[in-house]
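Shared between the two complexes below is subunit A, which pairs with subunit B and subunit C, respectively.
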Partner chain A sequence: MAISSSSNLAKEEQKLAFKLLLPAFLILIIIALYPLGQVFYTSFTNREFASSTKTEFVGLDNYQALLSFTVKELDPIIDQETGEQAVDEETGEKQFQRPIRVLPRDPHLYRPAFEFSFFGNKYVVGARTPDFIRSVWNTLVFTFFSVFFETLLGLIVALVVNSEFKGRGAMRAVMLVPWAVITVVSARMWEWMFEPTRAGLFNMLGDRFGLIDGSYSFLSSANLQLPAIIAVDVWKTTPFMALLILAGLQLIPNELYEAAEVDGASKFRQFFNITLPLLKPSLAVALIFRTLDALRVFDVFQVMLSQKRYSMASFNYFQLISARKMGMASAIGVIIFIIIFAFAILYMKSLGVDTE
Partner chain B sequence: MTRDQKKILKKVLFYLVLAIIVIYLLFPFYWAISSSLKTEAQLSMTPATLIPRDPDTGEISIFTRNYKAIFTNGGFIRGLINSTIVATSTTILALLTGSFAAFALGKLRFKGKAPALYTILAMTMFPQVTVLSGLYAVINALNLSARVSMIFTYLLFTLPFTTWVLTSFFRDLPDEIMQSAQVDGATPFQTFHMILLPLTAPALVTTGLLSFIQAWNEYLFALTFTSIDVEARTVPVAIQYFSGEFARQEPFGEIMAAAVVVTIPIVVLVLIFQKRIVAGLTAGAVKG
Partner chain C sequence: MRKNLLLVLALVFIIAFSGVVMAQEEDEITLTIAAGAVGQEKATAEEAAAMYMERNPGVNVEILDTPDLANDRYGLYLQFLEAESSKVDIYQIDVIWPGELAEHFLDLYDYGAKEVVDKHFQAIVQNNTVDGKLIALPWFTDAGLLYYRTDLLEKYDREVPKTWDELEETARYIMEEERAAGNEDFYGYVWQGNAYEGLTCDALEWIYSNGGGKIVSDDKKITINNDKAIEIIDQAAGWVGGISPAGVTGMGEEDARSMWEAGNALFMRNWPYAYALGNEEGKPTAGNFDVSPLPAGDSGSSAGTLGGWNLAVSKYSEHPEEAAKLAMFMAGEEVQKLRAVEATLNPTIKSLYEDEDVLEAAPFFGSLYDVFTNAVARPSTATAPKYNQVSEQFFQAVHSVLTGESDARSAIEYLELDLMDTTGFETGEPTQP
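Showing the complex of A and B:
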């Protein structure tokens, strides 16, 4: 009797659990699983949004169009008179033939994505969709540098805030301010600070200290776009990083430091032998969260650079909304998914994070 | 150098670093406030001034019409209303369904608990952009309005987050509470909504606030789904498409005023619930 009633109770509990989980899982199926299946399927078609062309199954065409690339060497231009490589008179740079001459045209046109030099030879990377190849590169560079600086600054801020001083509470409040600013708003705020005349903060400061001539256009010149965007993201997300690291710091028992103090270990050694190893789990989780977040960056890129330079997500958005190519956008979505998934696995494996 | 001097030097250095951090974190926001109080002429002054000053006399002169302008700007007001509706609705939905699921995951014993937990955890890292085109197709097929679409699709990130954080709160509640309620003849569901739910009220406030902020912040879905329905634009989209009253390509004075207006309520909320937010954020991540 007692046994059957307790197993009845267990059954009741099981039933109740399913009932309680049902709404949440139903919602997730409708807004995540089903669209994911849909995206996967659509990525093999040439579907276009709001167009009269018939949707056809095209196999891997979209993926091929996005991912095909080729590397070609650019031959130097030989000056007929001297027999040596020609040099641009204005810039003094060595001249190479134009990429368009070496990249294949049939059956598909390859356009230059970027060029690089290696042992004095010059190469061009050509792609059928150079914007996409570049967007992947932009996103990876953005992710690497922003996560790196956020972790570094976050660690410094956390270490400072973790020590005893007057006004520590107020300091923690200050830390939350950038985090509380909407991403789009912070992008707009920085956009204004990056203004290409001395009306912009950075040009004004640079000019005052005699560093630059006061008319740098941070968001138009190719070399400064990514650093500018990274600066915005670092400002906005350092507090979050610092909070996570701070939580980790507070888990380290004080006795360890006291013991180290007695043994005469310097602060420096204490940091490397106690703080850093014990902080590893918190740092690992923070790193994963931030990396996966940075890989899907959209807001900052879309607001500050729009179609000047894409991240993977903003390229996806423009394919969908401006070009109305649903099949293509879906294929991009799948590729982003795979990249993020790969990063998640890689991180969990190499850092040994326990999900329990 | 004596010991005391060393100590003082250390202290000075420490406060210097502290000051640099505070300036770094707050200055961009100060710059937005200061710019929002400038006229067109003051904004285009070169070099820019730290405090709004008169271009001719150099005296401090503060201009408040940017604020008046944004509050007579229909788009901005509508954005505020839309954002409030969307963020509030999605938060309520997420808390409701999330707390049910979290109770089951945190306190009940049932088969398939581990896979369910892993699914939720995986969902907290789900990249929203991958399903963008799929969701867009679903929404167009169902002919959902932009606001409803946003409320519904924002659950993609608010629901797994609330479920995950609330699960850890439920798990931390002592089992004895449930057992004694059961002895008193309460069904598990009664235990849940009459005893456990009130106990988790602080956790509900925290996760609710965090998911509200996430929804308030969201841009990708908002931009995509409101591309056909201008009326439904939320604050981030409205700020991106800001066109000002005073003629200029990009009315930065008004944009900065709008930036300040939408940031201050969040900052105030965050400062009030500071401790809880930090706890919620770290519970969502550190335990994840």
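Showing the complex of A and C:
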């Protein structure tokens, strides 16, 4: 009797729990699952954005257009007179055929994404949408460097504001200012500082100290674009990283340090044997946060580089609103989703984050 | 049970109340115009809106600020149109968009535009007519112009350049002299080199004036892959980091204008709107500059790209009648004159080019009348509805040459293949001016 009543109670509770969860679940379906499903579906069509053109089902065409690539060897150009490979007179580099001669054109046009050398032979990687391949690469480079520097600087900042000093409270508040500025606003601000003439802060400073000639175009020369963007992101997001790490630091009991002190462990040793291991869980959370965030970076790229260089998300945006290819844009969205998902899993596995 | 009752009561209240609010709003309607904010565009549009509101009590006109770069504006409009939003009643659309956006706009012939169209330039009216429907009223027209500093040309005893080579030579000479004289930030020539629609306009001017055709000809042939086009793009790439700042590959209209108005450039390629602004008191350029047609290349004749903006009424507007009436007012003689005088925005109404007040404010409207009527159009009609993609492929190709990522020949060869892919057209010989 007693047993059955308690199981009845459990059943009642389960029912109640289900009822209580239902609204949240419904909302989740409406705001997350439905749009996601819609994107998956659209990615298999050739739907045009803001147009009444008839939408057709095209299967995997969009994915093929985005992901197909081919590797071709570039034949050396043979000098007719000497019978040896021709050499560029100016640079002294060996000359190879241009990719346009070897990449396939039918039924689809492949454009060169990048070239590489291997055992003296030169190869070209051709893709149907090289801009997308490049945007993935840009995003990965951006993610790696920005997260690396943010973690490093964030850790330093957190250690500093965690120590006892006068005005610590004020320091902690001030530290958060860059994080509080809206990204689009801070991106515009940095855009002015990056001005390609001496009206820009960096060119002015560089010129004042005789480092550069004052006409560096940070945002339009290919070598400087990514470092510039990474700098902006590091400036903006380091405080966030510091905040998360600071929270982790405050969880470490002081007694441990006192005990270590008594045992004669150096500060250095304390850091590596106490601070770092105990900080690992919060560091892991912070890393996951930032990596996933950096992988879907959009605003800095859109404001500062617009169509000059893409991140995955900004390429997606321009495919949608400039080329109006909604089907293609959805396919990109799905690919971004899968990439981010893969990263999330990778992190959880490798850092041993407890998912329970 | 009582709780439920309370809930129902609350709901009834909300619905009833919102009904009241809506009923109140019906007395005064609000019309929103999505308009440009480049230079004085917004200020003069607001002035015109105030005039309209004064004469039409019960109508509230709002001007929605839109992005400066045409591509960004296009993106914003598409979002409104995809959502079939009634938030915007009138859109200011670029001369290249009618073919692509026609399905979202009302036929203004149904709202009495028949009587006024004859006053406007016929070429633009034609451009805005899709399948016999007038989907937008011409608001102002544009053509690329060469701005030059009269004081500096006089100081160094140089002529206004007639060819690109002359421009390059003069710019280099005066730039070096000015720099030696102490202005280290001085450059010879500023223009629009960012990867966006503006670069399409600039590059089309170089290529067409050099005898390299119009990218895609009117009879739907892809003509871009020719020696003349490659030659002039190469020449322009040589300007970057020389007579033009290296950062020109990131400049739009407003960036070029701010550098010019600071007195740091000898020549500038820009639209007419920069004329009134450059003459504002206190600016180094005030009274020290004039405009001429852009230089010519090998073809021997100059080319200015046709620009300009039009007013279209959204199909999704809640007040189509009133919106059409407002659009007619905004594109009418009175407002066009106001904007011509205050902001040097070229009227599209022929008679205004003989108006004394207009000619006093902008003498070049009279002297360069031919430039405006003979401006070279971008291939938007031939490639509709794919123009935007064509233009993007074009400016990306040119941009890659300007930044040195690619050589002109490879970039143009690929562009040709890309355009064939996008449009399905054959290749052909370039049209000559």
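The working rule: the second predicted complex is superposed on the first by the 298 of 356 C-alpha atoms of A that agree within 3 Å, B and C clash if a C-alpha of one lies under 4 Å from a C-alpha of the other, contacts with A are read in each partner's own complex, and residues count from 1 in each chain.
Methods note: a contact is a pair of C-beta atoms (placed from the backbone, for glycine too) under 8 Å apart; a residue touches a chain by one contact, two chains touch by 3 or more.
What you are looking at is a predicted structure, and each value in this text was computed from that prediction instead of being measured.
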Touched partner set for A:L211, first subunit B, second subunit C, both or neither: neither
Partner chain(s) touched by A:A342 [first = subunit B, second = subunit C, both, neither]: neither
Between subunit B and subunit C, more extensive residue contact with subunit A: B
Subunit B versus subunit C as contact partner of A:L244, first or second or both or neither: first
Which superposed partner A:N316 touches (first subunit B, second subunit C, both, neither): first
Touching partner for A:T197 - first (subunit B), second (subunit C), both, neither: both
First, second, both or neither for A:R98, with subunit B first and subunit C second: second
First (subunit B), second (subunit C), both or neither touched by A:A286: first
Overlap of the subunit B and subunit C footprints on subunit A, listed as residue numbers: 49, 195, 197-199, 214, 317, 321
Subunit A to subunit B touching residues, read off their complex: 10, 12-14, 16-18, 20-21, 23-25, 27-28, 31-32, 34-39, 42, 49, 156-157, 160, 163, 165, 171-186, 188-190, 192-193, 195, 197-201, 204, 207-208, 214, 235, 238-240, 243-244, 247-248, 282, 285-286, 288-289, 292, 295-296, 298-299, 302-303, 312-313, 316-317, 320-321, 326, 329-330, 333-334, 336-337, 340, 344, 355
Subunit C - residues contacting subunit A, complex: 69, 71-72, 74-75, 78-79, 81-82, 103-104, 184-185, 194-196, 241, 245-250, 259, 262, 264, 385, 388-389, 392, 395-396, 399, 403, 405, 410, 413-414, 417-418, 421
In the complex with subunit C, residue positions of subunit A that touch it: 49-52, 98, 100, 105, 109, 111, 195-199, 214-217, 219-222, 306-308, 317, 321-324
Partner subunit A, residues of subunit B touching it in the complex: 14-15, 17-18, 21-22, 24-26, 28-29, 31-32, 35, 43-48, 96-98, 100-101, 103-105, 108-111, 113, 116, 118-119, 121, 123, 125-138, 140, 152-153, 155-156, 159-160, 163, 188-189, 213, 216-217, 219-220, 223-224, 227, 235-237, 239-240, 252, 255-256, 258-259, 262-263, 266-267, 269-271, 274, 277-278, 281-282, 285-286, 288
